[in-house]
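Structures incoming, each one as structure tokens.
One chain, chain A, appears in both complexes that follow, with chain B as partner in the first and chain C in the second.
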Partner chain A sequence: MTAERILPLLVAVPLLGAALLVGAGRWLPRYTADVFGLFVSGGTGALAVAQLVGVRGATGPVEWVAGWRPEGGSGVGIVLVGDGAGLGLAALISALVTAALVYSRRFFDEPPPGQAGAFPALLLLFQAGMCGFVLTGDLFNAFVFFELMGVIAYALTGYRVEEARAVQGALTFGFVNSLGGYATLLGIGLLYARTGELGFAQIGAALDAAAGGGDALVTTGFALVATGLLVKAAAVPFHFWLPDAHSVAPTPVCMLLSGVMVELGVYGIARLYWATFAGPGGVPAADAHRVLLVQGVLTAVLGAVMCWQQRHLKRLLAFSTIAHTGLFLTALSALTPEAATGVGVYLVAHAGVKAALFGCVGVLLDRFGSVDERELHGRGRELRFVGVLFAVGGLALAGLPPFGTALGKALCEEAAGPGATVLFVAVSAVTGAAVLRTAAGVFLGAGEPPAGPPHFPRAAARGPRTEHRSAATGGRGAGESGTSDEHDTAPGPEQEGEPETTGSGEEPETAGPVTRAPDSMLVATTALLAGGLAVGCVPALWPHLAHAADGLSDHSAYIAAVFGSPETPPASTAPNWKVSGVLLDLLATLLALVLARTAPRITAGTRRAAWARPLRRLHSGHVGDYVACTVAGMALLGLLLR
Partner chain B sequence: MNLLPFLCAGWLFLVGCYALATSRNLIHAVGALAVCQSSTYVLLLAVGYRSGGTAPVFSDVPPGARPVVDPVVQALTLTDVVVGATVTALLLALVVQIAKRHGTVDPDELRELRG
Partner chain C sequence: MNKTVRLWVLGVGCAGVALLFVGAFRRLPEFGGSHHPYGARAVAAALHRHTANVVSSVNFDQRSFDTLGEQAILFGAVLGTVVVLRQARDERRVPPEPAVVAPTVRRYALVSLPLTLLVGLYVVAHGQLSPGGGFQGGLVVATALHLLYVAVDYRALERLRPVPVFALADAFGDVAYLLLGLAGLFAGASFLANVLPLGTFNTLASGGLVPLLNAAIGIEVASAAVVLLAQFLDQALELVPREGEHR
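Moving on to the complex of A and B:
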């Protein structure tokens, strides 16, 4: 079997595994279903890594599915392109799905009756959708995989359908992402109307062949396709779905959403621009630079500000993901191979670190039935190891060498210039400080204990599991169960009118409260954090990342590779640590520590920063508002592209 | 080239967005999303249309004997319909759960996830 023939398997194997799990789930014990899921996701990852070893730049395997090759420069075939970036991301996706499966070993101890395979099957489907998205060389297929991973993500977000918050978050997620997807499809329609082609490379080649360069139709097509990708990447003002979805999704799902799905939006933008629009017939580099820079800076600043304001731990991490996506977009706006390398390193390391942080929060949720910073104050003392992991994750987020995040940040700063460097240091310091502040409060009891009693009696946070189950099976009326959930919905007295989401009254995801952190959770979390460290410490990885980025950012090489005449890639320089970068990383880490040290005095009690209040009000949880902001964002995109 | 189908597609998308933004009922909002999506059907089919063309079926005539409309966009539209059905079904299922858990389908009354 040749290398090309393996490519479709990266999508087909998880799909088939999911189908088998759903089909046989009725008869499978939980353990077998989990091990099978692990086997499938891990095997897919191994296939991706095996392919990746021989790839240099854009000269990876290219498969025209079922042999429908283009004849005379045009055709209707669908192409899968296994270049460095695509295969590398497929490997990252598989690694994270495997970690999430290990992590969820103890989760949902009572899966839906008779369906032990439901959750692993959904994760495998998610993996198939994401792998398809990164490997396809066809714009319409990218849309289909985009929607596939979207739909699975909505279902996973609302997996605990008996919870009021979960279904609301999933619905918001669904509306905003689907709307973005349809904008993408409109853009694909316009590009097809102009070129008669659907592939990234084929459209790019056709645009370059046309005389005169890009016009309004091409620009509109780019803006529309980019809208969907920016929604996925949670760029401001398309980002509103992300914190709501992360607040309610089960922890392993948060790992995947924040770790890799959101970043696929950034990858999509990079792929779309370089493969299709970077030529003379596409979008001028100055326009693309302006769009990415404005979106990136807005996203990074808003993400960092909102991250600092949160007390709901998952929501805090969600906003930190938004801030980091903003940094990725800002770095990408340099539109150079070096910037792409930096983003690649940063993205991979961030995936490990962020997933590990979510893993720690998941342990807190299962131990205490809460993810609220104030309610958990000082209660995490017994979970010493988790506390260490969480604090180290916070330091890594701020950019502590030798973590991969620090290397990626340094490379991005170098590629994006001095102005962006200030932004990078400030944003990573604030997001890291928010995590460190929480770590100090929860695991050390630092700072003042929260003023006043917690919003809800502890018992309410502990008890409702059985209640919900009886609500599910007993078939009570809608109004009745609405009242039983009142302790979840009623705002506490002190926060009347205050736009915020508390993290109390959450349901643990295991059957009962865990007395100590389960080994499976700790193993997965530690492994993810170690992965984030390895990106910065294992020089053998760096040339691969550089090759992948060079291939991604080379317009003509990608087109040549798809049409079967790969060019020999120029030797790329592997990234490495530099003194200036290390010093800036240390500065960001120091700033984060100082901020976290002063934080308890700032946020103790109930006083919140008044200036941030309008911003917090904007995050209203209302679908209509979010859709209006999405449309406004499309208008902004149009203005920026002109 | 007739501009009308393209204007129609744009109008459908915008009017769907307006309905989504102002919706007072989540079932209505799911419908509004379907309106947004139908703009993609109109656009795709308009892109592939040829004046005087017939359906691209060659069972009774040899290829090239008469103009046909573009079959690729029809395949895209069909795929799009399937995607839309999946999304609509899932969103409606979530709305059912929201009605059960919150006792309302008015988005103005869902006020839990804020700030």
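Moving on to the complex of A and C:
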């Protein structure tokens, strides 16, 4: 079987695994189901890696599914493009799904009756959706897999239905993402009406062939398709679903959402622009640059500001993901192959680091039934290893060499220019500092003990679990339940009457109290962090990342490859460490340490700065607010493209 | 945001999006033109493959990979619903009460049940020939079964549609679609390649792989709709909060 023929298997194998798990779920013991799931996701990953090694140069195998190769330059079929970016992301996705499956070995005491395989099956479907999204060379097919990702992600987010908050978070996620999906579909309709084509390359070729360059229809089509991708990427003002979903989703799901699904939105924008709109008939580079820069800077700044003010650890990490997505978009706005390389390195390393950080938070949640920074203060002393992992993750987030995040950050700074460099240093320092501050408080007990009366509801007595639901839902409507920054808890005295999502009284995800962190959780978390380190330390990976970026960012080479006449674009040199980049990385790390050092002395009350209050109020948890902002964001996109 | 602000933000956003659309619509091809680039190609391809229903040819041959994703969405949505609507710790199951049904309703439903079932199966079986196919026919079949709920009561429906069997059929439809796709690979062609004999145009056995993929989808859609509705009906009719719980 040739390399092209294998490509559809990266989607078909996890789908088949999921269907078998569901079909046989009634008779399978949980252990078998979990191992089978691991086998399938890992096998898919191995397939992707094997394909990736065979990719020479910028373009890889191209497969017309069901053999519908176009004749005479036009066809009816769907094309899969296994270039470096697509296959590399498929490998990353598979690695993360495998890690999440290992991590969740000790999770979820109660699979649905007769459905031991339900959770691994959902993860495999998620993997199939994401792999399909990164491999397809067809815009409509990408939309189908985009929706598959969405449907599975809503179900996974709402997995713990006993809590009203989980339902609310999943619902918000579903609303905002569906709205983005509709926008994408409308955009596809416009582009199809103009060109009669659905493939990225085919639409791009048809637009380029039409005289006169891009007009209102083309820019509107781009804006609409991009809306759905920016919703996925959680760019401001499309980002509201992300923190709400992350604060309620089970930890392994957070790993996948923050680690890779959100970043696929960034990939989607890059693929859409370069494959379809980068030609003379598309969107002018200046316009695309403006859109990405404005979106990126807004997103990075808002993410960093909000990240610093969180005490709910999952929300804190969620906002740091938003900040980093903003950085990716900012770097991408340079629209050069070097920028694409930088984003690629940063994105892959960030996936490992962020997933590992969520892994650490998951251990805390299981041990203490809380993810509240203040409530956990000093109680993590016994979990020394987890503390070390968490702190190292924080340093990596800030950009400590030789982590891949540091290399990616340096490459992005170099590609995006001096103005953006300030942003990169500041944002990574603030998000890293927020994690380090938490690490110092929780695992070392640094700084002041928590203000207000300490209350340890869950760890002290883990009563019958039926009690939790009444506690979580009693007397509170779903609409005002706490997945937001402005609801959920009784205001503390130091909060000037402003409520806040604390993260205390969370439902633990494992069966009984965890006396020590389960090995499966630690192994997965450590491996993920090591992955983030490897991206910066293993030079053998760098040429692959550069090739992937070359292929991603070359409009004509992509079209030529799809139409069967691959050309080899000039390969850019593999990225490497540079002194200036390392110094800036060290500066960001130092800043993060200084910020984290000063933080515990400032009481938490003043940390929630008054000037940021309107920003916090915007994250209200009200679906109507989010929808209004999403629609306004679409208008903003249109305005920026004029 | 309070209500006024929210409405203003939404209003300004909608106005902006409307402007975008007006600009785009002015540049669309004229209505009623004769230039249909994809349509022309798809019809030619469908005829070439001896598939009379061009829509089915697009769904199950030309763009069968889209359909793979779409059936996965349905499969995932059903699985997600089963997971989210599972019997929670604080719920218990009560057997539904027998219901009294007006005789006219009962007569009508009992007559239309076999008819609807037959129509559904016909629509699935003739997907490659006439409008319809696995998606549409599968839903008609599932509707037919639920006429039993209208005609008799929920207990009768439960007896006739064992959910585990339909859940298994749902997975079977999914697996069948994938295996039919893999068969192409093993035959030395592409995934989902239409390698079967194409048959005589406009007969039941025409279109090669199309009727088989169509049947797999029919099985999956019918069972998925049954399982999906069963989850919602269970939640509404059988599952109640435990004593002392507030919902």
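Here is the rule we use: the second predicted complex is superposed on the first by the 590 of 642 C-alpha atoms of A that agree within 3 Å, B and C clash if a C-alpha of one lies under 4 Å from a C-alpha of the other, contacts with A are read in each partner's own complex, and residues count from 1 in each chain.
Note that in this section contacts are C-beta pairs under 8 Å (C-beta built on N, C-alpha and C of every residue); 3 or more make two chains touch, one makes a residue touch a chain.
Just so we're clear, the structure is a prediction, and the values are computed from it rather than from any experiment.
K.L.:
If you stack the two complexes on chain A, which partner ends up touching A:Leu185: first (chain B), second (chain C), both, or neither?
P.N.:
first
K.L.:
If you stack the two complexes on chain A, which partner ends up touching A:Asp215: first (chain B), second (chain C), both, or neither?
P.N.:
It touches chain C, and chain B stays clear.
K.L.:
Would you check which partner chain A:Ala193 touches, where first means chain B only, second means chain C only, and both and neither mean what they say?
P.N.:
It touches chain B and chain C both.
K.L.:
Touching A:Val76, do we find chain B (first), chain C (second), both, or neither?
P.N.:
both
K.L.:
A:Arg381 in the overlay: touching chain B, chain C, both, or neither? Say first, second, both or neither.
P.N.:
A:Arg381 sits against neither chain B nor chain C.
K.L.:
Figure out whether A:Leu125 sits in contact with chain B (first) or chain C (second), or with both, or with neither.
P.N.:
It touches chain C, and chain B stays clear.
K.L.:
Could you look at A:Glu162 and tell me whether it touches chain B, chain C, both or neither (first, second, both, neither)?
P.N.:
In the superposition, A:Glu162 contacts both chain B and chain C.
K.L.:
Does chain C touch more residues of chain A than chain B does, or is it the other way round?
P.N.:
C
K.L.:
So which positions on chain A get touched by both chain B and chain C?
P.N.:
Shared contact residues on chain A (touching chain B in one complex, chain C in the other): 76, 140, 144, 147, 151, 154-155, 158, 161-162, 170, 190, 192-193, 198, 617, 620, 622, 624-625, 627-628, 630-631.
K.L.:
Please output the residues of chain A touching chain C within their complex, sorted ascending.
P.N.:
For this pair, the touching residues of chain A are 1, 5, 8-9, 11-12, 15-16, 18-20, 22-23, 26, 63-68, 74-78, 80, 110, 112-115, 118-119, 121-122, 125, 128-129, 132, 140-141, 144-145, 147-148, 151-152, 154-156, 158-159, 161-162, 170, 190, 192-198, 215-217, 220-221, 223-224, 465-466, 469-470, 473-475, 617-618, 620, 622, 624-625, 627-636, 638-639.
K.L.:
Within their complex, state which residues of chain A touch chain B.
P.N.:
Within the complex, chain A touches chain B at residues 76, 140, 144, 147, 150-151, 154-155, 158, 161-165, 167-172, 174-175, 178-179, 181-183, 185-186, 188-190, 192-193, 198, 243-244, 247-248, 309-310, 478-479, 481-482, 485, 488-489, 498-501, 616-617, 619-625, 627-628, 630-631.
K.L.:
In the complex formed with chain A, which residues of chain B make contact?
P.N.:
The contact residues of chain B facing chain A are 9, 13-14, 17, 20-23, 26, 29, 33, 36-37, 39-40, 43-44, 47, 72-73, 76, 79-80, 83, 86-87, 90-91, 94-95, 97-104, 107-108, 110-115.
K.L.:
Using the touch rule from the top, collect the residues of chain C that touch chain A in their complex.
P.N.:
Against chain A, chain C makes touches at 1, 6-7, 9-10, 12-17, 19-21, 23-24, 26-29, 35-39, 41-42, 45, 58, 61-66, 68-70, 72-73, 75-77, 79-90, 164, 167-168, 170-172, 174-175, 178-179, 181-182, 184-185, 189-194, 242, 245-247.
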